[in-house]
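The structures considered in this document are given below.
One chain, chain A, appears in both complexes that follow, with chain B as partner in the first and chain C in the second.
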Partner chain A sequence: ARPIFITLVLLAALGVTSAGKSVLVLLQNANTADKYSKFFGSLRDYGFDISVKGVKDSSLKLKEYGTWLYDDLVLFAPQTEGFGGNIDRQGILDFVDSGHNVLLALNSDASESMRNLAAEFGVDVDDRGSKVYDHFNHATLNGKEDHTLIAGGDVVDAPVMVGGPYKEPVLFRGIASVIPGDSELATVALGAPSTSYSHAPKQAMLEPPSLMVGSAISLVTAVQARNNARVVVAGSLEMFTNDIFDAVVTVKDVSTHTANWAFTVTLARWAFQDRGVLVASNMRHHLLGSDEQPWGYRVNDDVEFLVDIVEVDGGVPKPFAADDIQLEFIMLNPYIRQPLQHDGNGTFSLRFKVPDVYGVFKYYIDYAHRGYSYVKLTHQVPVRPYKHNEYERFLLCAYPYYASAISVMAGFFALGFFYLYNK
Partner chain B sequence: MWNWFDDRTWYPLGRVIGGTVYPGLIFTAGSIYRILHFFHIPIHVQEVCVLTAPLFSAFCALACYGLVSQARSHGAGLLAAFFVAIVPSYISRSVAGSFDNEGVAIFALVNVFYWFVKTVNSGSLADAVVLVASYGYMVMSWGGYSFIINLLPLYCLACIFFGRLNGRLYVAFAPLVALGTAISCSIPVVGFNAVLMSEHFGAFFAFIVLHVALLVSYVRRMLSTKHFVILASMVLTVAIALGALVASVVVAYVAKSPTLGWTGRSMTLLDPTYASRFVPIIASVSEHQPPQWSSYIMDLHMLVMLAPAGILACLHRLTDASLFLVLYGLTAVYFSGVMIRLMLVLAPAVCCLSAVALSDLVYVLCGSMRCWKPRFAFSTATTSDKASGEGGGEGASKASPAPGAASSPGAPSTKDVVAPSTPDEPTSVKKKTRSKVSAKAAASEASKLYALPFLVCATLLAMVLVILGLYVVHCIHASADMYSSPSIVLQSPRRDGGYYVFDDFREAYAWLRHNTHPDAKVASWWDYGYQTTAMANRTVIVDNNTWNTSHIATVGRAMSSSEAKAWAIYRSLDVEYVFVVFGGLVGYPSDDINKFLWMVRIGGGVYPEIKEPDYLTPEGDYRVDARGTKTMLNSLMYKLSYYDFAEESQLSTGQRGVDRVRGYPIGKLNVKLNYFEEVFTSQHWMMRIYRVRDRPLRDPTSRTGKKGKAANRRG
Partner chain C sequence: MVLSAIISAFSDEYKKSPVRVKVLDAFLIYALATAGVQFAYMMLVGTFPFNAFLAGFLSCVGFFALTVCLRMQVDPANKDFTGISPERAFADYCLANLVLHLVVWNYMG
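Moving on to the complex of A and B:
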């Protein structure tokens, strides 16, 4: 019952927030907001209520009287070591842990506190002063060839997260980061080209060279925490600026526009849970041929499981369609693991036969598709054995036993009869 | 109840109640409740449950009276009823509020014996029917029915061996085996075990032997001796050949199973070292340990001394019934020596034997006293003299009237014994002639008339009375001291005469009941399973109905693993809360640390990566101090028990980290928990409840150096 409750709460929260989520943007200097006006303007067009403040503003606070004042936080202040007002690192972590989202942009001079903040989300940012270089896939902007302006970035194949596919390149100039190989929550939204590497030119090269190279580097990382809070760590602050949005660059002798505007805005909408949010509701199950939900089942019953899943996009729910949502029926081990069928209207269902094992089973859906919020449902349902009067009355294989029992009775009767009356 | 599937215990396996519980007790209490309500007596079901055990202890006294009356005399029967009514061993299960299988099962046991002996004495089919019914009730009530189904065949074989075979025995035994097996098959918890397990083979074997013996005696009567010998040799050769064939099949079947077809508990009885070697879960129960000598005195008091005398008295004047009493006593003594729990089976046996001994003694004494007053009781003198001679052990006749206590001379029960039951049986004919001879002998011996001096008699009688008085005093003391307080609330005497009460268990269960989600799963060692179910009303993983060893082993494995591993195990079982019982702060010795080795053994029995030597010091000691092994000090049990213990012990006792049960400082003072968090600790720290943490919402990464990053790269 709890997952349903949570999803209902989530749905209610979405219902409220779609009216206009409030976003707090912290800049190094509040006067530089014009540099990002196109980015913010697009977000405002999508209904976000954006308030821009300087990171050292003494009136800053995320929470007042136990209520979060903002739904999302944008940190465009990579160099800052501390925050003004009541915000600190722990405050931001609590903000995320209570289900809110953070968009964090860094650059090569990002401060230690920003790196530590990124590390809290599972993103390991490279050392201060290092930059991503690529001598092959870089762009020429305004006639100036710059090997740190990466243009061949590898946009993740998840349209719900980043939009696309893009014909134009996504420009990037900034710092590299890595995510641990066993990370379950982080996704590389923009990967580095395989010819790139990360290096701090002012530092001596280690011998032998130990560089972060190629696809090991994540340029933009999207993290979705287990409570569906989302965090985006972008290694480049510059990629959000109007200059890059409007730039016409030359990549490999081809002149082209950039895809940064669409990419960053889509990614920000994803980060702010405006896209790719799945809401599961109305989980129900019943015996085939009956509509009411029973307390439990008997072994070998035929049952049907249904759940409604909608995808909320821009506050508007629409039926979700996917073939890879699996339902498990678990008691210690999954006895059944099968994909759910959907009917196009957002109702997912599966008919199956309860296994011939009794115990306390649970329905279990753990759907973690890249770009979508997690759907995790459990529902406990006991499966009981046959009652003593539910077995078959006569078994074919037992006929010899019936015969022997009846013959003994008949023989006893005959013997008794003769013994008594046949003197 | 047959069909009740309990989904609140043994998560996630659930438990089929009908198939894992002996239904006798529940049916009994339920029927009493229904009957009383049918007569519009409004009594609450809890009151019925509380009073069921005392009621059945009264019935048990009646059954003992009947058994000894059948075996000896009404006087002895009265004494037996008196003994069994207050014997401390049985009081432990029959106090008001004890709602345990044994509460009704001991009555059922004695009842079966009563009807068996009665049937053997009377040879009546009606009695045999009641016997089968009472056996059915016994099977319903307790797993101890296998004691009966082995004792009765033993008795049957002994009768055949001693040449006491007769038709009455057949009437008593044959229907019991046939119908009794059919009845036990229809009790779900026994089911096909009644024909498949080796415990029951003895009954079938005796059944066959009984038939063969009867057939042989029949044939012997039909033929002349010469023909009989020829026939016997022919039949024997064929029988040996056939028998070898059958035996090889049976042996092959039995040898297929590792325990030779015996259940673990029965193997423990046959081979006392079996459980500690192979089935730690049986050995881990304190009730399954061999008892100490002192517990015999504590539970039985003077009956221990009287019982051997009773065996002698029974053997002196051996009747079918007294032979049964002797066998019952001897086997029960053996079994009680293996398992402390079977003291319960021993208690009625000892009571009956003691009653026989004491009644004989009192009879001799009273008879002697009567001799000194022939003037006052001249008319009865002759009979009493004769009887007193027998009471002294002179007469060996079974045909003579059994000596009653002074209140009932000339017991009428002997009528059955005297009456030649089935005249066409040679054995009983023989017996008849023998009894005639012995009756003559007894009469001549009685004329010798020797009696004890009056003073000796009076002194001895007074001593008997004193002993009886001491017995009563002891029993009252034992029941008041040991069995009158609930085991869930502990108390210790204070200096001012009052009691200091430790109510930690109820406190913690109440916390669980009020502060956790109703669907939360609570894990603990299985000892506390029933309590958690009943008092905290939460789903448990394992409980006292230890029907699934591997599930218990999983919990034992979690407790003996490191924290991270235990966390994974508990998460896979959906456990939200874990509690441990800890006595180190107040000195409560039966806590989980002291039980921990059993968890290791039980866990290791199923999961070989848990090895007992890892938890013992190199010298083989079990210690949790600085000499304890690393595995021990890192186990979840250690951590959950001693989390924050150092500070608390410093505050409360001033000795930092000194465990008051073990009596030494613990090995690792600074215990940190990463995967569990403490949510509740009771007043005296006897119960500590922890919550299994959820997975973290985020996975923070540690910031690595440049070198590490290159090595750690993705893809």
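Moving on to the complex of A and C:
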């Protein structure tokens, strides 16, 4: 009970990060909020407090007198060139730098300023006017076959981020983006099928590699910054609308519903740090057989390291279970690098033997599992060498040396006896 | 031929030395043999308790050196030490051995 108590106190003290439920939604025109009523309604059901405003509203502000007024920002105004009120691009970047989250939706008419904003988060959006085409994996909506309505994109295998495996397709109609292949912070949440490409209809066709093709295209990108703030860049604003949520489409001659409602709501909850947030607390270590935290160790000691990690889902902490959290015991090189074992109750532990090297070591955990917030912990611990009376004595392999020294002493004794008492 | 002549001449002369000196020589050979056994053992099993190896080896070597000094002082054929009585020589020898074995057992671990 004590670790849970500490975690709740921690969460209450943290306040902003995972308990943040105040959302500002900016639409091109505030009157069009009905188009997304199911999306916002689901978020409201999950406890979010949504305020819808027009993007050119002159009373807009994110920050007042040094405190942030909202916890999350939704930008559903892809064509806008600038913002009204006190919001500007730098303000949005400061918003993310302070740990808050952004959900940004674009479409083929995405303005330059919106594309630059996406680029600030590491997502490279294709040129204005380009659309994602797929002649093999498209959907027919209301009798009209549309090769830009992509069905059959690859949903990333991360249930904490986007939800369970979806049998129905997630529809998409919009603009393509790419992220660097070696990006550590950005993940493709919905990737394009391998038969798609991105093309602006009024311009000449590009050649690869400038032409974005296939699985290199990211339709929806999820970025988690180093301060655990999350930004989701979706290339299609239409995938959030009621029409697509309710649509019955034909894909490859099969009539099917869409999975957009579950996909977008789960992804939005992930983006607003309502899912997949890990809180690590109560890091402790001790020698086996003792309970107190020592100032440091001696070489070849047997020690145990423990840490409690909870996963916060909808504000409710539950014990986290994973087999791949790695602990390093490192002094320039990691002498120990082992996965932690969990006991099913959120306590992760590892027993190991301190290496036979003395110096100042550091416990280091750097956990970055896709979909979960980053867990970075360090703790310095000095390791001392043996004291002069802690070495092993009376070793079996040294018996010949003991025997020889004793025999030399016996020889000296015999010599003395002979020398003194012999005539 | 010449070698056997040298050896027989040497052993004839050696038989004439006093008993005391010959006994000291026997102990010298004993110390040397013990040192050799320890060295062979170290070559076999490695140097693990190196301090123990050094302590044992150097106890033999130190004993050898001190007994050589005693022999030099006690041998009548040696004219350099006429002022020192055999008892004095032996007393010095005892003291030195005391220090040697104290150090050896401290370092043995």
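Miscellaneous remarks
The working rule: the second predicted complex is superposed on the first by the 368 of 423 C-alpha atoms of A that agree within 3 Å, B and C clash if a C-alpha of one lies under 4 Å from a C-alpha of the other, contacts with A are read in each partner's own complex, and residues count from 1 in each chain.
By our rule, a contact is a pair of C-beta atoms (placed from the backbone, for glycine too) under 8 Å apart; a residue touches a chain by one contact, two chains touch by 3 or more.
The model shown is predicted, which means the values in this text are computed figures rather than measured ones.
Applying the stated contact rule after C-alpha superposition, one finds that A:I179 touches chain B and leaves chain C untouched. Looking at the shared chain after the overlay, A:R393 reaches chain C, while chain B stays out of its contact range. In the superposition on chain A, A:M331 contacts chain B only, with no contact to chain C.
In the superposition on chain A, A:D291 contacts neither chain B nor chain C. By the document's definition of touching, of the two partners only chain B reaches A:P382; chain C does not. Taking chain B and chain C in turn and counting the residues of chain A each one touches, the greater count comes from B. Of the two partner chains placed by the overlay, only chain C lies in contact with A:F412; chain B stays clear of it. Of the two partner chains, chain B is the only one touched by A:A119; chain C is not.
Remark: chain C residues 19-20, 23-24, 27, 30-31, 34-35, 37-38, 41, 45, 48-49, 52-53, 55-57, 59-60, 63, 67, 90, 94, 97, 101, 104-105, 108-109 touch chain A in the complex.
Note for the complex: chain B touches chain A at residues 2-3, 5, 7, 11-14, 16, 18, 188, 517, 519, 572, 574, 695-704, 706-707, 709-710, 712-715.
The residues of chain A lying in touch with chain B in their complex are 1-2, 93, 96-97, 115-116, 119-127, 178-181, 183-186, 188, 206, 210-213, 215-218, 223, 225-227, 229, 296, 330-332, 358-362, 380, 382-385, 387-388. Here chain A touches chain C in the complex through residues 391, 393, 395, 397-398, 400-402, 404-405, 407-409, 411-412, 414-416, 418-420, 422, going by the rule given at the top.
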